[in-house]
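Below you'll find the structures, each written out as structure tokens.
Next come two complexes built around chain A: one with chain B, the other with chain C.
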Partner chain A sequence: MVWLLVMLALALSPLYASRYTIILLSTILMNVVLSVSWAMFSGPTKYISLAPAAFFGVGIYSAAVLGTKLPMPAVIVIGGLASFCLAILVGALTLRLRGIYFVMFTFGLVELLMHFLLWFELNINDTTGRVVPSLDNSTVFYLMLLIFAVLMLTVYFIKDSKFGMALQSIGENEEAASHIGINVTALKIVTFGVSAFFMGLAGAIMATRWTYIDPKIAFNPVISFMPVLMAIFGGMGRPYGPIIGAAIFSYLGEFLITKFPYYYMLIFGIILVVAILYMPGGLVGLAQNIRNQYLRRRHAHS
Partner chain B sequence: MLVTILDVLIAGLLLGGIYALIAVGLSMQYGVARVLNIAHGEFIMLGAFITWSVYTYCGINPILSLALSGPIIFVIGFFLYSTMFSRLRRIAPTPEAFEGSSMLACFGLLFIIQNLAILIWGADMKGYSYLAVPINFAGAKFAANRLVTLGFALVFCIVFYLFLAHTRMGKAIRAAAQDSAAAGLMGVNIKHVLAMCFGFGAMMAGLSGTLISMSYNVQPTMGLEYTMIALIVIVLGGLGSITGSLIGGLILGLIGSIVTYIEPGLSMVAYYVIFMLLLLAKPTGLFGK
Partner chain C sequence: MPILECRDVSKHFGGLAALTDVNLTVEQGEVLGLIGPNGAGKTTLFNAISAAFPPKSGSIRFKGQSIVGLKPHQICRVGLARTFQSVKIFGGMSVLQNVMLGCYFGKKSKVPCDVAEQDSCELLEFVGLKSFIDTAAESLTLGNQKRLEVARALATKPDLLLLDEVMEGLNHTEVAQAMELVSRIQGRGVTVVMIEHVMKAIMKVCERIVVLHFGQKIAEGTPDEITSNENVIKVYLGA
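The block that comes next holds the complex of A and B.
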């Protein structure tokens, strides 16, 4: 019920909200999509993927290459599918990698794609950047909202299904999971692919807002870390944790950048470190702790 | 033709010495303290800026400033481990969870250090000229400062290796690397040793920063590229192995200089291809078991 109201309020917002609010909401939705789709794979399986920037960047480049040749909805879907295919390939290659090796491989992927494209664009295509045809603000917003809705439905159906339970068991004990007959390999690869699909979609849409892109913008390594940090900031214990984390984080970023343009990144870093040190369960975990303490105290008094 | 080969070889060795030195520090930090320090390059940048500042404002010889950048950054590293990382280590439910959370904390640290540096020194590229005289060796030409850099890099690696092999502290560090719980039971003050270890890793980064500033321009955002190179080297040489980092660094330097000779824009691409192939085929590194 709450969900429906939130979606309705968001869907009608272009009617009453200012242009600035719509742009801000699109950014927030983009971060939410990235962080929720990151958590979809990495939350239950506990594999920390630093590849979001790669999938996001593939989406961006799909929009840049095909933007003038095909209608926009097709371009966006192709962006998602391209990311999906890349993720399936990477997933199949990295089956044996665990822990920190998986982290390093996924981060290496981002850097490899960026450096390769830098060289390729300059030496083969003789350009540095590309222009993406732009869409108007409310179209970008509605597309983001649509992706968000589809993503939330996917997450909702996975969570309590047999599929979701099996995914959870991989994170708890991968070997035991494979012994009780779960096809660990296929499950990991498909989920990784689906999460990359949504990141690719988000990338293709955001490209239309930036209008000019180059490999350094499209494959910015910071985009790999942000979904991870936002999800952890919100709390991985509950499905709405990454949503809250991403929403507050992006709003905070926007607020800091306008109020303290010079100290913005510094304050951001400090908040990050403090959150990791003092809120290991994220905002959701913090809220639960406070609630538990309150209940215990009331219990003790009565 | 022969001169070209010599040129490429020497350029590779000069580059490789730096790569080895920046990797040794990261290898220590990950191999013993289990912190994959994404902010490693930021310590390199700090070392470089300390040297640049004292040379530009006080005229202190860059080589003498090694005695300044090393200790200052050691203290920063030691302090960071004793406060931040030891807390993360305490609250982490499993060692794997600590590796994840400490890496993310390092990412926050990267932002903090980089932006403090921008506030202090500005975002522009800076440089100074020191020993930029050309040396001619059997037809191959290179700047004298690069030779100084390589010399110091090798000396630091060797001294550090001897320190680990022969001193009491070194033995405690190696014991902690093998099995920190057992070493703790044998009377090693684990928290102190790990903090020292992280401090030494940061110190190596600071020293290499000073050396790098002699032959390359410096900039507050230069860190991440060096971090990535150090990461590639330690995967090449095996995570946690000091000799592996040294040899891995030299190999990567040679590869870099050969690729640069063939197609200048592709050296980073080649590094990442090697890195990822290695992770897939032999994640324990070339010399790992």
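The block that comes next holds the complex of A and C.
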């Protein structure tokens, strides 16, 4: 019910909100989509992926290469599918790596793609950047909202299915999971692919807003770290943790950069450090602790 | 036809021969004990059979079909389940979820949600964990965690169950309960191979015992034959 109201309020917002608000909301939705799709795979399996920038960037480049040749919806879907395929390929090669090795490989992938494209554009295409046909602000917003809705449906479908349980069992004990009949390799690769699909979609849409892109913009490593930080900030214990985390995180970033343009990163850094030190369960974990304490106190009084 | 037949199974870890040409035959419906001093290769043999660490050479046939080269989840699906010496439960998940995962994924066919839940409850009652259904698996006692592993393995509907030291670390009452549980598992028509150090238990529960030492089979027979076997006495008492 709460979901429906939020979605409705968001869907109608271009009618009453200012242009700035719509642009801000699109950015927030982008961050939400990135962190929720990151948490979809990395949350339950505990395989920490630093590849979001790679899948996001593939979406951006799909839009840049095909933007003028195909209608936009097709371009966006192709952006998602390209990321999906890349994730399946990379997943098949690397999901046997565990712990820090997987983290490093996924991050290396971002750098690899960026430098390959830099070389390719300079030496083969004789350019550095590309121009992406732009869409108007409310179209970008609605497309982002649509992706967010589909993503949430996917997340809820997985969470309540046996596959969600199986994903969690991989994070708990992968060896045991494989010995009770779970095809852990296939499950990891497919989920990794689905999570990358949504990141690619988001990239393809956001590219239309930036109009000019080059490999360094498209494969910005910050995009790899943001979803992780936002999901941890929100708390990964609940499916809405990454949503809340991403929403507050991106709004906070926007607020600080406009109010304190010189100290923005400093304040942001302090907030992050405090959050990680004192809220191990993220915002959701904090809320639960407060609630539990309140209930306990009431219990003690009665 | 034996349900499981291992022929000349060998496994090396670097220069160390963990298993050397081990032959093992398990008959349908029996409870076979696998004993031997620490480092004898008992768990390695289980790992070779269940494909956790595939053997270097030798053949393993289950119900007449070769299972060498299958992945662990495929081995489970043909009807061969196992438990682990150091418990490997899904600690953060509920007891019921642990068992339901076995129901869902243990066989290739689709299992509806309510059937999985019903079967899981029945199995939890069978192992005596009915009252812990909603408990997080990690907060169970060691004895109960071992029972949970047994229930989870049984949920995959195996024809053969490999039990790796289910009685290790348990007190007297729990050992007695575990022995009785093994007999009831046999009563369900499941063939059991069990690794055990608790001699009293293994002598009582098993019809046949195989002794491993330094990766080789040194004796095989009924409990009486084993206790009077010179090789076994030498290995265990060092005489």
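Note that the second predicted complex is superposed on the first by the 302 of 302 C-alpha atoms of A that agree within 3 Å, B and C clash if a C-alpha of one lies under 4 Å from a C-alpha of the other, contacts with A are read in each partner's own complex, and residues count from 1 in each chain.
Quick note on the criterion: contacts are C-beta pairs under 8 Å (C-beta built on N, C-alpha and C of every residue); 3 or more make two chains touch, one makes a residue touch a chain.
Here the structure is a predicted model, which means the values were calculated and not measured.
Enquirer: Based on the superposed arrangement around chain A, label chain B with chain C as either clash or fit.
Expert: After superposition on chain A, which the two structures share, chain B sits beside chain C with no clash.
Enquirer: Going by the touch definition up top, name the partner, chain B or chain C, that contacts more of chain A.
Expert: So, of the two partners, B touches more residues of chain A.
Enquirer: Anyone got the angle at chain A's C-alpha centre between chain B and chain C, nearest 10 degrees?
Expert: After superposition on chain A, the angle is 80 degrees.
Enquirer: Pick one for A:Thr258: touches chain B only (first), chain C only (second), both, or neither.
Expert: In the superposed model, A:Thr258 contacts neither chain B nor chain C.
Enquirer: Touch check for A:Leu266: first (chain B), second (chain C), both, or neither?
Expert: first
Enquirer: Per the contact definition in the header, classify A:Lys162: touching chain B only (first), chain C only (second), both, or neither.
Expert: second
Enquirer: Of the two partner chains, chain B (first) and chain C (second), which one does A:Leu229 touch, if any: first, second, both, or neither?
Expert: Touch partner of A:Leu229: chain B, not chain C.
Enquirer: Please indicate which partner A:His179 is in contact with in the superposed arrangement: first for chain B, second for chain C, both, or neither.
Expert: Second partner only.
Enquirer: Please give the least Cα distance, whole angstrom, that chain B and chain C reach in the superposed model.
Expert: 11
Enquirer: Can you list the residues on chain A that touch chain C in the complex?
Expert: By the definition above, chain A touches chain C via 162, 165-166, 168-169, 171-173, 175-185.
Enquirer: Which residues of chain B touch chain A once you look at their complex with the stated criterion?
Expert: Checking each residue of chain B against chain A gives 30, 36, 84, 87-88, 91-92, 96, 99-101, 103-105, 107-112, 114-116, 119, 224, 228, 231, 235, 265-266, 268-269, 272-273, 275-276, 279-280, 283.
Enquirer: Which residues of chain C touch chain A in their complex?
Expert: Spelled out, the residues of chain C in touch with chain A are 50, 52, 71-73, 75-77, 81-82, 84, 88-93, 97, 100-102, 104-107, 113, 116, 152-153, 155-156.
Enquirer: Which stretch or stretches of chain A touch chain B in the complex?
Expert: For this pair, the touching residues of chain A are 46, 48, 93-94, 96-97, 99-101, 103-105, 108-109, 111-112, 115-116, 118-119, 122-123, 221, 225, 228-229, 232, 262-263, 265-266, 268-270, 272-273, 276-277, 280.
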